[in-house]
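For reference, the structure I am asking about is given below.
We call the chains A, B, C and D, going by the order they appear; numbering starts again at 1 in every chain.
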Amino acid sequence: MALEILSKYDRQIIFLVVLILTFMPAFYPIGLPLPQYFLTNKVYDAINSLKPGDLVLISFDFAPGVWVELGIAMKDIMQHLFIKRARIVIIAFDPNGPALAHRVLNEIDLKGAVYGKDYVVLGYIPGFEAGMAAFVSNPKMFTVDYYGNPTADMPIMNAFNTIGDFKMYIFACYTWVDPWMRQFSGKIDIIIGVLSADIVPQVMPYINTGQLYSLIRGSRGAAEYEQLLGIKGEATAFMDAASLTVSLGVILTIVANYGYLKKKLGGRR
Amino acid sequence: MSEVITPLIVGTLTLMAWSLLYRENVFYRIAEVLMVGFGMGYTLYISLSTLNRVWFQPLLSGKWWLIIPAILGLLLYTIYSRRYMFLSRWAMAAIAGAGSGYAVSRAIPVMIIGQIEGLAVKFSELSALDLANHIIATIACIGTVAYFTFTKEHKGWFGGLTRIGRWSMMLAFGSTFGATLYANQIFTIERAAFLAKYPQNLLLIIAVLFIVYDLFIRKKR
Amino acid sequence: MIKSGLHFSFVLLVIAIALYIFFIKYTVKRGVPPKIRRIPGLDAIDEAIGRAVETGRPIFYSTGVGGLSGDVMPQTLAGLSLLNYVARKAAEYKASLTYLAAVPAIVPIAEDMFKSAFRENYKPEQILYIPTQTALMATVMGLYEREKPAANFLLGALYWETIILAEAGARAGAIQVGGTGRLYQVPYVVSLCDYGLIAEELLVAGAYVSKELSQLGSVIASDIIRAIVIGLSILAFVLGGLGFDISKIFRI
Amino acid sequence: MSWVRRREIPLIIFAVTFLISLLQYYLAVPFLSEVNTEMTNWVLIMSTFALGTGLIALCIYHGKIIMQKKSGYFVSIILFISMLMLFISYYAAPSFADYLYNEIYTPLSIAIICFTAFYNYTAIYRAFRVRNIDAAVFAFAAVFLMMLYAPIFEVILPQTATVANWILDVPNMGASRGVIIGVALGTIAIAVRVLLGYERAYTG
């Protein structure tokens, strides 16, 4: 009887366990340790060695749904860039990008940077890969920025003429990196990907060949970055629950196979 | 005021969406159409403002020839008339042609040559362990390419090669699956952290009461 | 005239295109279909449509949120050519088929296909446009739960919605055929669908189901070019390993 | 005017746009790249215009539900209200639109995306049975990657991270390369088929 109910509601029970494991650390933080990943350190060192006034190109290429995975990481990185007083040009190849950039800029400490002089949000470039190609061939394609102001009299717009004038390019994406690699690799020395953790396995070839300088793997990378920056940010708070719930995946694999193999072997007998 | 109201609205909406975990119900349907409705509203807005930037403003500033893509774009709407439907194919063909041109132009230098170049690593610069790994990766790559052969049966030595390809593909896919599990998990965690805060956490109690009530009523019936 | 560094690629591309054209024309002219190894996923398409007819439950088809721009375009095209096949079969057996379109540029194409497949039985609500990826996820979860589809096809350039499409379909008890060339989503297609097509299998699927000579010809050409590519890989491995700068060949 | 109906016209349009965007990548002809830039812009404008067809399809689907007063038709009314509310407020009250987008729509999106996580677990429970070697290999790699991403395992057993990183760097990289090459071949094949007029989805 009890087993019947259990097997009828097996999905709901799994969901319930997931929810419990997710909520538990939110009420009672545990503070499990977090080992550093060498690629995160590489990003930190690269940004740390920037000089004040160096030009950095950033593109926000994700949807609001992925905010937790990429938005927090972008917040940490942008915060670091503003601390290093780099000059920042923000573009987007996803229609949602400008709104998200706006949100990041609102939530971080700008350290007195002035819009138009130290940073600018140029807005959405449509056409995805075609848009990237267009921007690479002419980075000054914009006549108005995201907010509708003319860009001609902005000091930052006169600081660069070609794509090679940028010291570093940081992009945040959650789909696949091939278009970015095709269009930007070789054009800018240091390309850093802020990528959601699920696509990291398929990106390793690019790290291997050096086309991609380094990467931040989603919120895990953000938590590591926060450790490096020495702040207790949003991503750090999530790591306990991540450890617990992902462990559930390992346990479920064992449970599922235990039941399956038992049934299979039992059936044979 | 809005510091209390907004989290309550968002908390309610989140729980409405999550109610599907228990079973299909009207609260979930409302969350569902809100997603579609807001999504459509935003898409409309961003498309119109994009059109304004890339088409309308340049058109006003004297680029008269931009009227042609607009007409071609409008031809897409002939799909609703049986008689003039063929006109919509003109625009479709242009969109598809430019897209395939992009894909094909990069297929060889980036997707084939670029990947093959990765196989060229000087043996002398590798340690014994790295060399072994390099050889395994190369065999995995060649095996995977060979796996997609369709005109030759996978038998004999060729079958062995394709099997290695298939297994290494399975390792690759499995690793992506594992990584994705983590990546997806983070969203739930963020929502849970939000729902655990003060005014919203009261909603959790209401949600539990709802489920208990539903279980009880359904049992009685 | 050819940009430096691209000579080799250009020659290879010209050879590839020439081979494709030759073998397509040759196979059509000869009139004998070449043998192709079985792809189990594709035989399942007919079975799934048959199940839908028997049970009277609907069929859902999605090509994912990948559009017609850039390099995912061929996958979308492959998904659409299978949609064409499924639509004709569904029209023949009078099964109810709904296409979930997430990219506006595909909507007119799908309308065109459905109109020529279903003719007077065509209903405009057979194409459901959903504006964004998350909206697609939300709609699919609710819709599948309510309508209990008998068959669920997810073929095309799939993105994050794959797991939702596949699990919601499984939850509704549908036969699922999935396929995509996007590496990040192949795992779900392989593990969660009853029949999964990996990468290039999707791209030759059109040839396989239609059994059209022209398409089968292109499969032969693909295999010849594949042999060339394997040869080049071994060359790169050996020469590069011995210390020869391989880019002197590939990037002239 | 019967020539406008001919099948060759869309095919020619396809071929011309295809060749322009293909050749401008290979040939160093400034004129070609200028044409391509303009054409990309045109294609962009055209595909943006297609949005209306999506809107019409959406309106027909939900409009019918409302017209026929099917069960739960009020839900479709909510759809139209929310759509118009966000769209109009972008012009009438931009700050309210920002509020709706950032404070309401974004969190709701995340709540929906959470289902990818929930469904992952039922997927594991349902599909991770080691039926054959393929499935066993798949599950093996998945388990080690999960361990890599859950920091707790790396702390207890650092070797799991070594295994996981080996899978990532060696077989995963090799197989990914192979799949990318395969997709490239299929890409060329499909384009040539359309070009020769055999793939009729687009060109009628």
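Heads up, the rule we're going with is that a contact is a pair of C-beta atoms (placed from the backbone, for glycine too) under 8 Å apart; a residue touches a chain by one contact, two chains touch by 3 or more.
Everything numeric here is computed off the predicted structure, so don't read it as measured data.
Peer 1: Which neighbours do subunit A and subunit D have in common?
Peer 2: B, C
Peer 1: Taking contacts as defined above, which has more of them, C-D or B-D?
Peer 2: If we tally the contacting C-beta pairs, B-D comes out ahead.
Peer 1: Which chain has its C-alpha centre farthest away from the C-alpha centre of subunit C?
Peer 2: When every chain centre is compared against subunit C, the largest gap points to A.
Peer 1: Just curious, how far off is subunit D from subunit C if you go by their C-alpha centres, in Å?
Peer 2: Result: the chain centres lie 13 Å from each other.
Peer 1: Please tell me the distance, in whole Å, between the geometric centres of subunit B and subunit D computed from their C-alpha atoms.
Peer 2: 5
Peer 1: For subunit A and subunit C, let me know how many angstrom lie between their CA-based centres, rounded off.
Peer 2: Centre-to-centre distance between subunit A and subunit C: 29 Å.
Peer 1: What is the distance, in whole Å, between the centres of subunit B and subunit C, each centre taken as the mean of its C-alpha atoms?
Peer 2: It comes to 15 Å between the two C-alpha centres.
Peer 1: Indicate the residues of subunit D shared as contacts by at least two other chains.
Peer 2: Expected reply: 25-26, 40-41, 43-44, 47-48, 50-53, 55, 58, 101, 105, 109-110, 112-113, 115-118, 120, 122, 124, 126, 128, 135, 138-139, 142-143, 145-146, 149-150, 168-169, 172-173, 176-177, 179-183, 185, 187-188, 190-191, 194, 202, 204.
Peer 1: By the touch rule stated above, which residues of subunit A touch at least two different other chains?
Peer 2: 11, 15, 18, 63, 65, 68, 126-127, 129-130, 178, 197-202, 205, 208, 220, 242, 245-246, 249
Peer 1: Spell out, as numbers or ranges, the residues of subunit B touching 2 or more other chains.
Peer 2: In subunit B, residues 17, 20-21, 29, 31-32, 35-36, 39-40, 42-43, 50, 54, 76, 79, 89, 92, 95-96, 98-100, 102-104, 106-108, 111-112, 115-119, 138, 141-142, 145, 148, 169-170, 172-182, 184-185, 187-188, 190 touch at least two other chains, as defined above.
Peer 1: Quick one: in the complex, what on subunit A touches subunit D?
Peer 2: Within the complex, subunit A touches subunit D at residues 10-11, 14-15, 18, 32-35, 63-68, 99, 103, 126-127, 130-131, 133-134, 137, 197, 200-202, 204-205, 208, 220, 239, 242-250, 252-253, 255-257, 260-261.
Peer 1: Hey, which residues of subunit D end up touching subunit A in the complex?
Peer 2: Residues 33, 37, 40-41, 43-44, 48, 98, 101-102, 105-106, 109-110, 112-113, 117-118, 120-122, 124-126, 128-130, 139, 142-143, 145-147, 149-155, 161, 168-169, 172-173, 176-177 of subunit D touch subunit A in their complex.
Peer 1: Touching residues of subunit C toward subunit A in the complex: what are they?
Peer 2: 69-71, 132-134, 159-160, 171, 182-184
Peer 1: If you look only at subunit B, which of its residues touch subunit D in the complex?
Peer 2: Going through subunit B, the ones touching subunit D are 6, 9-10, 13-14, 17-18, 20-21, 26, 29-45, 47, 50-51, 54-55, 66, 68-70, 72-74, 76-77, 79-80, 86-87, 89-108, 111-112, 115-116, 118-119, 133, 136-145, 147-148, 165-182, 184-185, 187-188, 190-191, 194.
Peer 1: Where on subunit D does subunit C make contact in their complex?
Peer 2: Its residues touching subunit C are 25-29, 43, 47, 50-55, 57-58, 60-61, 64, 109, 112-113, 115-116, 119-120, 122-123, 126-128, 135, 138, 142, 176, 179-183, 185-194, 196, 198-199, 201-202, 204.
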